[in-house]
Amino acid sequence: MIDILLMILTGIGVALFGFVLQTSIAGVNRKVVARVQKRYGPKWYQEFLDIFKLLSKRSVTHGWIFDFGVIMALGGIIGTAMFMPLTSSFMAFDGYDNFFIFVYLIAVGMLGMAMSASGSGNPLASIGVMRALTTMLAYEVPFMIVVLTIIKITGTSSLSEIGLFQQVAGNSWFFIALPIGGIVAVMALMGMLGKKPFETYIAPAEIASGPMVEYGGKQLGMLFIMHEITVFIEVSLFVHLFLGGAENIVLFIVKYFVVYTALNIISSVYGRFKIDQVVLFFYKWPLIMAITQAFIAIYLGWVI
Amino acid sequence: MLSTKFSPMSKEEVDRKWWEIGDFFRRNSLWMLMYCTGCCAIELPPAMTSAYDMERLGMGPMATPRQADVLLVTGYLSLKTLRRLIYTYEQMSEPKYIVGFGSCTINGGIYHDSHAVINQLNKYIPVDVFVAGCMPNTEAVMNGFVDLMDLIKNKKANGWKDYHERYEWYLANQKAALGEVRVHDEFHE
Amino acid sequence: MTVELLILVALASGILAYFVGRLNKVLGAVVTIVASMFIFIMIGYMMQDINAGTTFNYNAVEYMPDFVTFMVTYLGLFFAILVTFIFAMVSFFNPFFVEKYKYPALYSMLYLFSLAGVLGVFLTDNFMVLFFFFEFIVWSGLFLIPLGKNNKAAISYYAFSTAGSFALLYAIFIMFAQTGSYNLHLGLATVSGTTEGTYVLALLAFAAFAKLGAFPLNVWLPRALGKAPDAITAVFSGGLEKLGAFVAVLALVKLAPIGDIAGTLGGLTEATFLFASQYIVATLGAMTIVFGTLMAIRQDDAKKLLAYSSMSNGGYILVALSLGGTLGLSGGLYHIVAHALASAAAFLAIGAVSRVTGTTKMSELGGMIHKMPVTYMVYLIAIISMAGIPPMGGFISKWLIFQAVIDNGLILIAVAVFFGSIGSFLYVFRPLAALFLGQELPQHRDKAKEAPFFMLLPMLILSGLIVFTGVMPNIFLDFINDVIAELGGTGLLLGDYTITGVNGVLQPTLIASVFGVGVLIAFIIFILLKKSKKVGLMDTYTAGNFIYTEELMHYSLDFYAPLERLYEKHINITKDFYKKLENKVVDFGRMIKYFFFTNKPEITVFWIIVLIGFLLWGEL
Amino acid sequence: MSAILLIAVPLLAAFISILFKKYAHYILVFVSFASVFALGYMDLGTITVGGFNAPFGIVLILDDYSLIALYIVNTLFFLVAILNCNEFKKVGSIMLVALAGLNGLLLTGDLFNLFVFLEVAGIAAYLITTTNKKPLASFNYLIQGTVGSSLYLLGLILLYAMFGTLNMADMASSIANSGYGAGVTAFPFLLMFIGFGVEAKLLPFNSWTKGILANSNRLTGPMIASVYAAAIGFVFGRLLTNVFVIEDTFLIIVTIILIFSVVAGEAMAYASTKVREILLYSSVAQAALVVVVFMSGFTGWAVYLIIGNAAAKLVLFLITNTATKQLGNDDVETFKGLFVNNKVIGLAFTAVTLSVIGLPMFLGFVTKMNILENMFVSGDYIWPAIILITSVVEGIYFIRLLLNLWYKENDLPEVKFEFVLKYVVVIIAVLIMVFGVYTEPVQDSADNLVAYSYIEGGNL
């Protein structure tokens, strides 16, 4: 009983760590993007300020589902983050860091948010949710195919074990071992994080930030927290799956930072796709590339 | 002699402390809702982009009134837009602030004798900071934001409280300007 | 209680329900509750017997022909318990709906007749009995569907079901010609792997596809489920459709697969190959998934949408069963359970809404959550399971199926499976957003109220089970392991709380509790912060515009319009195909009429001469 | 009692009834009832007529097969007669002639005698169909029927020239003993087959059916589609199983005709929008199916198929024609919702239709299953496939019809069915259902019932 409690506490610690890590790195990244745009940029802890400011405000609610959805969203994401291994050997629930848990448990959070947004009664929120789900339909399939290849090669769907597999001498990181798949994964990751050109579902100037249109104050703050943890989960997934996991926490943070910053830099030079362009894009090249990669790797055995 | 005894703070004191902490966050993270009805809006792009970079101050544009902290009224307001401005302002979550741009919001500016334009914005909604000029240059705009931050720090940005306290007064002014039908949709008139 | 006695009870209570129903409509429907509950409990008792390790098989009463035998197997019992349970749950809805129908007494009778048919199909070892009840269900369903006021739906249901059952019949006779007996196990065992086995497999697969509404035999499913009475829809989707799954198990598991690709190809490294038949069925299953998903996304009618989701889930079952192996089998069987519960609950929830509003069109509904929160929660839980999100049952089965697909390295199938899985978020969310959430439309604001207790009860039980199957799946998987053992496979490796798959261990209880902890934390954060101000639904961001019409603020029509635009031109192929096929038959009939049925006797004489000429060809 | 009375008494009564025109219909009812009743007292066996022994003289054969046939035909005839005796008083005498002809057809063991009865029954039928008030259709029927019987006669003449006998059993054994190949007898048999094909409604020869049945009334519909169809079916069965040698090219032709009849019949019914047309095209397909089953040698089940069909068509045509008369036309559109206020009639109609389609709990299911089973056992995989595929089509149009008749909201058609009719159709429907569930006697009798075996010299 005690060790289960301890595990859960560790899990909460992981989630908290993820939140702090991602929020800081996001702040730093705002500076990075600002530099790209020849600006000075905000303080590195600006994201924290934003979130706590939101939590301090007096918000409005549109009924119980509006609040319930937010709680479910944040709860689901915290729950998901608790499973995330930080290094390839450190995680809260040893042996249960199954890839599918992340993919699907994260969906509870998404569903909660979508539900809450639609519950607000604002059509723009529903449109945003529609776009978010459509985008999800677009990027998820190519990504899953690449991960399928990895799972098939390593014979395990545990993130830490996939990480360890890459650390064995002779095996290279999957980003290098499966180069085509790696590129697909990067594109899919940009879709997951809602970075340009795939930020169609936020589109502030078009649909007034989509799902978040009716949020203010604490609900928005909680969604921000949720967003940060989601990003933490998704980027960590990438690190574990494609960049050889992490032997220690420093390496993890470094890899994490590199991935996230690189994505931000890429995204800062793009415009925005229309929603059907997103779908068409992902179902054209990334999917073909992912299938090609899977075929080469699984049936021909060509893994670098 | 200082007492080592722990004296619990009163509830008001606790609230005040929290409020001060909140104010710190709020003034360092001002999210704007830009109500770009007039020409002063043209000052915002340079303020946001690399020339002045208001993100340094933690400010940024937001899409909807629910998310925003500060409402920027950039210039003259016709009666039609006034209705919408009030509606928008009332949708914002508290605490909320208003910055009025240009002389039009102060005294009507060059439109002071127009039948369709209001002259004094703070008769209808509480304005915390005015940025004078026709139009104000970007430094003035930035200065206005910093002023607002100072006001928040000094707990003087109380327009939203004022709106609650003197709501009848504001309402009367609004009605006087807009007629008995304060808000109405053109589809349903 | 023996099987034939149960069937007789079902039939007798059906007739009783008819006569009681003639006197009092509601009372007749109450009979269906009592009878189906009774039968479910009796079947439950049967499970205790079988747990003692006896698979019992016996001839039914003497006056029946010799071939009428019944047999209780794990497989049959698995399906029987599930489907009778769905029947029992749905029956609670009958009293509330029966008054709306044209022939209420008939409704109650046929409801129980279908139940009798279900028992007969699952609990026999005789093909003839199986077929008899199979068809029996078809015709009782046939008259149930148009009670929802659409004949067309019933006709396409009949057409496809009968095509399926005749395929089954043909297969049965092929086996009969081989063995001289109608014994199910003997027949399948005899033809398995032989040339006849190929035909039997194809025909049985056809039957399974027709019953499951799988691609390309999918046209009837959305029509029938979309138009049938609300309670019947739930029964169809949760129960009767599973007949197809049952036949699929017979075809795909009990018969050896055909077409050894690995043997003929070989050579390619590290790749495991399935048999050709498995590939074909899996591919069709995959197409079912994609097709069902794409169609479901487009629907405006919530029931039709769920019907297409049933189709897509049927595809999962087919994919899983066709892959076979421990994971495929247990995944498929578990998916049957998960989907039966989830779709029954979802359909019941929609039914409860349609009861108060009189419509299931999403464009005409909105904001039902404010009046029907419990129904909403039931629907929510159901769709979470349907979308395969933990901690509901659907996740477990999808996890197993994914592993089976990955383990076999089926890339293209995987594309479909993942697509369907993500796509299910899209379509299940639509009724949630458009029907339950969003603006509360004025036309339903006054009429709508929460469903009465006896309607909520089955929905809540189903929801509870959906959660339970997701949190403690091992209890069910244990039983499924027995089924698999009976089918000659190896069961899953189960721990106290863990399920061991081929590439990972899952602990559903842990996931659920961690999720609970997460929600708790979020709740604490929420409750500690300042209380929000309650505002109305119409007080939303409109870019400053004043809008007083709820419809204008309710985004429900053409929800996924940008996505639909990408494929809407290509989606109707099966429908068009059958439409064309029908037209061809009609054209052919008309042509014959035109050529032969004139008022001119000389035409007849002409044909006679042609015939005689044909006979004497060469002699003259 | 001698079976010859079954022919003689109606014939005699027919002549008497001409004298008492007013009471003709009472005589008809009485005689037809009497002949059903008398069947119980008939002794099985061969009756020699005119003192000449078979194979030289005419023989009447009363065996299990013809007894069943007589029971069915006479019962159906009685039902038709009693339901219509008041409405169609004029045709009483002709009906009596028809009864004599039909009984003769079923009883006779002589091929030429068969032709005579065919003509008697045929002429009676032509006359009966004049009550349709469609002279052209009746005329067509007359022409085609006559062409058919002439062809039959032509074929028979050829056979007689070849084998010198007219007795069925003798003919069969002569052919078997003659050592001729199938090619030789194919031509006469084809002519005879066509001759019967016209009466039995096989496809290229049956264009009369549309004119007759699509315009039928309460008398002609059941009479032609049920009573005549049953009688012709039985006789055709006797010929097919005992006399005809179907091989080689002839087999191909027959198979093509039958496949074509079944497939096209169902397709035409599918394409129809009038109730009577649906029924008549469906009976075209069913008639072909009967021939198929006889040809495959499953006499017992063919008999049940005929019984099921005849009973079903009786009910269907009775109900349809009653309704048509009251509603003015027989479009499905007009008939919509017919059963909403006539539930009993509706239930009978439904039960009978489901039996024709072959759904479980009804007699048709048992028949169909056993036919298919026997076909499979004998190694025939093609016909079952055709039967099953066409059954789907058949099911669809019948179910479409049924649902249309049952489900309509308002604006229901007003039709009254008299008490006797209700009684009759319900009894038939109940019987069909009872034997659909309690299959033991059907199973047993069908397995026992094979067509009679030959005895040297023409006695059977």
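As written, the chains take the letters A, B, C and D, and residue 1 is the first residue of each chain.
The definition used in the following text is that contacts are C-beta pairs under 8 Å (C-beta built on N, C-alpha and C of every residue); 3 or more make two chains touch, one makes a residue touch a chain.
Just so it is clear, the model here is predicted, and its values are computed rather than measured.
Engineer: Indicate, using Cα centroids, the chain positioned nearest the centre of all protein chains shown.
Structural biologist: So the chain nearest the centre of the shown protein is C.
Engineer: If you average the CA atoms of chain A and of chain C, how far apart do the two points sit, in angstrom?
Structural biologist: Between these chains, centre-to-centre, one finds 34 Å.
Engineer: Just the number, please: Cα centre separation of chain B and chain C in whole Å.
Structural biologist: Those two chain centres are 58 Å apart.
Engineer: So the centre of each chain is just the mean of its C-alpha atoms; given that, what is the distance between chain C and chain D in Å?
Structural biologist: 44
Engineer: When the centre of a chain is set as the mean of its C-alpha atoms, what distance in Å lies between chain A and chain D?
Structural biologist: So the centre of chain A lies 76 Å away from the centre of chain D.
Engineer: At which residue positions does chain C touch at least two other chains?
Structural biologist: Touching at least two other chains: 539, 541.
Engineer: Check each residue of chain B and list the ones that touch at least two other chains.
Structural biologist: Where chain B meets two or more other chains at a single residue, that happens at 64-66, 91.
Engineer: Chain A: which residues touch two or more other chains?
Structural biologist: Residue numbers touching two or more other chains: 56-60, 208, 213-214, 217.
Engineer: Chain adjacency by touch: line, ring, star, complete or other shape?
Structural biologist: Per interface graph, the chains form some other shape.
Engineer: Would you mind writing out the residues of chain C in touch with chain A in their complex?
Structural biologist: 268-271, 367, 369-370, 373, 376, 380, 384, 387-390, 395, 398-399, 402-403, 405-407, 409, 411-412, 414-415, 418-419, 422-423, 425-426, 429, 432-434, 437-440, 502-507, 510-511, 513-523, 525-526, 529-530, 532-541, 543, 553-556, 559-560, 562-563, 565-566
Engineer: Show which residues of chain B lie in contact with chain A when the two form their complex.
Structural biologist: 18, 21-22, 25-26, 28-29, 31, 49-50, 53, 55-58, 61-69, 91-95
Engineer: Touching residues of chain C toward chain B in the complex: what are they?
Structural biologist: That would be residues 539, 541, 544-549 of chain C.
Engineer: Using the touch definition from the top, list the residues of chain B that touch chain C in their complex.
Structural biologist: Interface residues on the chain B side: 64-66, 81, 83-85, 87-88, 91, 183-185, 187-188.
Engineer: Show which residues of chain A lie in contact with chain B when the two form their complex.
Structural biologist: On the chain A side, the touching residues are 30, 34, 37-43, 46, 49-50, 52-53, 56-60, 204-205, 208-209, 212-217, 220.
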